[in-house]
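Each structure below is given as structure tokens.
In the two assemblies presented below, chain A is common to both, partnered first by chain B and then by chain C.
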Partner chain A sequence: MTMFLNALLFLGYILIYPGFLFCFVVGMLLSGIDRKLVARMQKRVGPPICQPFYDFFKLLGKETIIPAAANRTVYLLAPLLGLAALVTIQVLIPVFRFTAFSGVADVIVILYLLLIPALATIMGAAASGSPYAGVGLSREMVTILACELPLLMVLLAVAKSVGNAMGTGLCFSLSEIAAYQSAHGSLLLRPSMIPAALAFLLVIPGETGSHPFDAAEAETEICEGMLAEYSGKPLGVYKLSHAIKLLTMTSLFVALFLGGLGTGVTALDALIHVALCAAVTVVTVSFVHAITARLRIEQIFKFYWTVVAGLALISLVLAWFGL
Partner chain B sequence: MFKKLIEESTGKSPWLFHINAVFCNGCDIELVSVLTPRYDAERLGFQLAGSPRHADIVVVTGPITRQSLNRVLRTIEQVPEPRCIVTMGSCPQSGNVFRGSYAIAGPLSKYVHVDVDVAGCTPKPEAVIDGLALAAKILREKRRAMN
Partner chain C sequence: MSMVSFQHFPIYAILVLFLGAFVVTAFGRKGTVRHVVAMLCASISLLLLLALIKPVMIQGETIAYWLGNRVPAGGYAIGIALEVDALNLFFGLLVTVALFVSTVYSLSYMTHDEHQAEYYTLLMLLGGGVLGMVLSGDIFNMYVMVEILTFSAVALTAFRSKVYGALEAAFKYLVVGSIGSTCILAGVIMLYAQAHTLNFAQLSALIPGNMTPATKVAFALLLVGFATKSFIVPFHPLAADAHGAAPASISVLISGVLTKSGLYGIIRIVYMLFGTMQLGAIQLLLVFVGSVSMFVCVTMALAQHDFKRLLAFHSISQIGYVLTAVGLATGLGLSAGLYHAMNHTLFKGLLFLAAGAVLHETGTTDLDKLGGLSKRMPHTTALFLIGAFSISGIPPFNGFASKWMIYQATYQKAVESGNIGYVLVTVVALVTSTLTLASFVKVTQSVFFGQLPKELENVREVPVGMRIAMGIFAVLCVLTGVFPNLVTAYLTEPAARAALNALGYIDSMMGAGYAESVMVTPPAPVAVSFAASGVWAPVNWLLLLCVALLGITVVASLGKYESVSERSGERVAAKYQLFYGGEANWDAQVGGGDLFWGFKHNWRHYFDFMHALHSGIVNDYAQWALVALALAVVVLQIVL
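For the complex of A and B:
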């Protein structure tokens, strides 16, 4: 009986609360807030907040064209693989002290899982057989490579900082980081972690492929790049994945740097978490989108491996010296 | 209920793809002005798509020259159903000042079914938004007919 209940609980975790349904609704809302705010900053009225929902359901009702040159299986499965990986990450990220599956995965697993959606998009694009997608996927690979180094250094800095304080050397477990923060206050309050937090904030627009780091999906020059051949339902799933990635990256930021703000009540914590995610989205995605123009791919790479990696390195060195 | 949701959404999120069938560029600029802060068609869900596969509404400008005819038709065929075709300006409807030229293959309605014509040289942005809103309504009806 308890086993059955446990299975039901796990299913609930995966499908409803930190899992699919939560991701779907909150991710779409974040994306809607982003679009609305960018419009307001450009002195436009802007689409309604629920516009991404309309876009998604419209795409579900459209014809799905599979190009003659495409590899059918990979072409159709790639978007689903990316979506599944993103929902998995969201289930593993703690919401303050609440973790659906504690002790199962740590920061390193999250780092690997974060690669899967990008790789799935690349696979789908390569399978579509379009030259525009080819250009897009080569740019996407460079963008991933550019983001990966600063991201890894930020995670190491956080792990070292928390590990030092707990006397265990390096602490990679997300639930332990969350527990430490709820006991000793958010990591953002620690001066040595501020450069790492800034670096992470700069990684978010790169990982989610928003302005000015959207060279891979440049709609005006390479026809939306990797998504050029997609239409109908698979395109809808990609749009959904993109919205959920906003939630995933901002959730990771909240879990790593703002973990001390929880109240202990699960429902209230979830609300605070969503509000913080929305705030981080506004700061890192909307503001940056509204005030910048698209960078060339080598500029993106240079920016991430000098400025952002430099910021992360400062934190890493400071954490290593126990500050 | 699900069908109803898809139908509602289809009318509220029409993405545009713009084909220039060799033209003086006047209508192209007016179409872009529809998306600027002054008129802001995005409040109705309109968005410019980069690829015809993402589009719902195809906006054709220009008098359809013999060189561009095949390309226009091929691009329209790449747009997934349900789709709407809107002509903008007088050129794709009648040929405008180019009428009778040996280089012109138009009007567009000789080759495909055109849903909405927005006349004018060039049409005012208000007229364009009106035509696009009408196209969105037709799109919704087409989606209903697909069930």
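For the complex of A and C:
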């Protein structure tokens, strides 16, 4: 009986909360809020908040065309695998004191798990055979390279800072970082962690491929690059993945830097978490989107490896000296 | 009783390979005979070493085998000895597994070549040489085996002598490889002059407390000598040429096994013979050389246009990881390094075999001329992708497990030693890993996906034998990635403990109490922790992924997909053709070499510098070797 209940709980975690259903609804909401706000900032009316849902269900009903030149298996499997990988990351990220699955992966593993959805998109794009996808995947890979360095340094700084405070020297476990913050207050309150938090905020638009770091998609030059040949259901799945990635990256920020704001009540915490994710989305994605123009790929790379990595480095050095 | 019979297994494993080499030459004019002999020798040698896992790895026995039963007398070990503890056995297993798979692959891969009997002779000699080198218990026989493996590797590099550049590559390898072998011989002579023995265990007891300027020079000579065998910076250009020319089945051995023999030599001499691994300066030296190797070679790989040259540079980049981890001198680091060494043999073997498969069917390994092979060679593509994901460290494949341990180990080392320089090592290791991913995305895109060139329309999948060989490596890549706990518990941790237990090694060879009688301070077994500070449970994660994937697939597969099967010559409907912005269908692929322009542009000065440096002239590379030797001599005189 207990085993049955455990299995049920396991499925519930993955498929409902904080897994698939939660990701689906909140990710789409974040995407809708983003679109609406960008439109308002640009003095347009903008789509309704629920537009991403309508788009998604419309795409599901559309014809799926597999190009003759494509490798069918990879072309169809890539979007599904990417989505599944994103959902598994989401269930590993703590929502304040609640962690669905602790003891599976630490922050370094999360850094690598984040590569899987991007890699799946790249593989799908390569398999489609389109030259636009070729350009797109090249730019996507360089964007990943650009973001990886600052992101790693942020994680190392956090690991060291929490480890210092706990007396263990370093702490890579996300649930321990969350537990520490709920006992001692958010990391963002620590002056030494502010540059790292800023760096992380700047990484979010890069990782989610939004303006001005969306050279890989660049609708106006390379026709959405990697998605150029996708249509119907697989395209819908990609759009969903993109929305969920917004949630994943912002959740990671909340878990790493704002973990002290929880109340201990699971349902209420979930609401606060979503609200914070929305706020982070507005600040890092919508606001930046509305006021900037697209950068070229080599500018993106340079920006991340100098400015953002520099910010992260400041925190890392400060944490190193125990501040 | 059982122990006695196990005693003979190591010598049989070596002998059967050398015997096989002669038998193939004598009776191998017929294809079946040489195939049977080669397979038999490789399998027997593999089985003999597999049988040793239980006594050596699990029960912790050490096999001391004296040829002709000339056991040490009067405190002096004169006889030729084989010594098998967990560390040797670990490397021995890598050798025999790689040799076995390479032989399986060769059976179908080499069918169109001439002089096959000679090929198998050299193959067996190479395998036997490396196996003898890692199992040898005295340093002179190590040198003899190094010569055998170097010369068979040189000959095999030039085996396809009609291929452009093969003889040149072999010549370069011969020159710099000989410098390395000479260094080892000179080091051995100097040690003998100082300690009057060649036995490894006895040297390990006599040398550490009595370092003289001469033994320091010997240390430098041996270090540089073994470094040339593992191709780490500054000896890396050789590997690129050699791999570019050698048959793929040989590249598997050169990259997977021969470089490991150099690493084995380095581990043995720094941890045991000279007992210097607790010195911060030696740790820094190894970590520095390792980090430089991993970064320089991954950037060199990114700039390559040839599949096999690209793999060759990655090979050294991965060796850099191993050396870095080994240089940390912590339990976790050593275990992680050995784990990565094993993984490297598996995934790089797989990748070289895939490159060989592409060469076998298309006749080229030029990234700019290939494309779209996934539709013609689906199995090779799938197997290649497993290898590519493994080397790029994508969870849950094996490269991730070991790299993750290396990140933990380097960062822990940074925290424990308070040296912020080690943080830089963590960062370099991770950036290198991402660059590795980038360059394999490049290979995937320009060889297996993208458009199929007209000339390659008739390409077919490779023979079953070659796919089986790749399949063995692929299965091992997945298994060692999904069950890291088993790998560390039964393979790498025993080996790491053996490397750290100099006293046990000396006593098992020279008799208990020998070390205490000659050493002022016998080395205490170092107490080390193998615990990582992070968490990674691949099986649980895979379970999560499968459930999520299943759920999503069920939802997604409701409904129908429209598609058309591609038939050559038949005109497909416009909607199934690729979108070219309204232009007529023309070839518009991004060339493999230009794929990461955004990255290369920012690093253009670095790349220009590197291109200027790698002149391709053997005189330059020989000079690098001599400069490295001079530096090593000076540095070691100062720090020891």
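Worth a mention:
By our rule, the second predicted complex is superposed on the first by the 323 of 323 C-alpha atoms of A that agree within 3 Å, B and C clash if a C-alpha of one lies under 4 Å from a C-alpha of the other, contacts with A are read in each partner's own complex, and residues count from 1 in each chain.
Operating definition for what follows: a residue touches a chain if its C-beta (ideal position, glycine included) is under 8 Å from a C-beta of that chain, and two chains touch if they have at least 3 such contacts.
Just so we're clear, the structure is a prediction, and the values are computed from it rather than from any experiment.
Looking at the shared chain after the overlay, A:279 reaches neither chain B nor chain C. Ranking chain B and chain C by residues of chain A touched puts C first. Using the contact criterion defined above for the overlaid structures, shared-chain residue A:65 touches chain B and also reaches chain C. Residue contacts after overlaying the shared chain place A:47 against chain B, while chain C stays out of touching range.
Once chain A of one complex is fitted onto chain A of the other, the partner contacts of A:228 extend to both chain B and chain C.
Touch criterion met: A:220 reaches chain B, while chain C stays clear of it. In the superposition on chain A, A:55 makes contact with chain B only, not with chain C. Judged by the touch definition given at the top, the superposed model places A:237 against chain C, while chain B stays out of reach. Once the two complexes are laid over each other on the shared chain, residue contacts for A:165 go to neither chain B nor chain C. Of the residues of chain A, those at positions 60-61, 63-65, 132, 223, 228-229, 232 touch chain B in one of the two structures and chain C in the other.
Across the interface of their complex, chain B is touched by residues 35, 39, 42-48, 51, 53-58, 60-65, 132, 218-220, 222-224, 227-232, 235 of chain A. Put simply, chain C touches chain A in their complex at residues 372, 374-375, 378, 381, 385, 389, 393-395, 400, 404, 407-408, 411-412, 415-416, 420, 423, 426-427, 430-431, 434-435, 437-438, 441, 444-445, 448-452, 533-537, 540-541, 544-545, 547-549, 551-553, 556, 559, 561-564, 566, 572, 575-581, 588-590, 595-599, 601-602. Every residue of chain B that touches chain A in the complex is listed here, in rising order: 5-10, 12-13, 37, 40, 42-45, 48-51, 53-54, 56, 78, 80-82, 143, 146. Per the touch definition, chain A reaches chain C in the complex via residues 10-11, 14-15, 19-20, 60-61, 63-69, 71-74, 76, 80-81, 83-85, 87-88, 91, 101, 103-109, 111-113, 115-116, 119, 122-123, 126-132, 134-135, 137-139, 141-142, 144-145, 148-149, 152-153, 156, 159-160, 163, 168-173, 215, 223, 228-229, 232-233, 237, 296-298, 300-302, 305, 316-317, 320.
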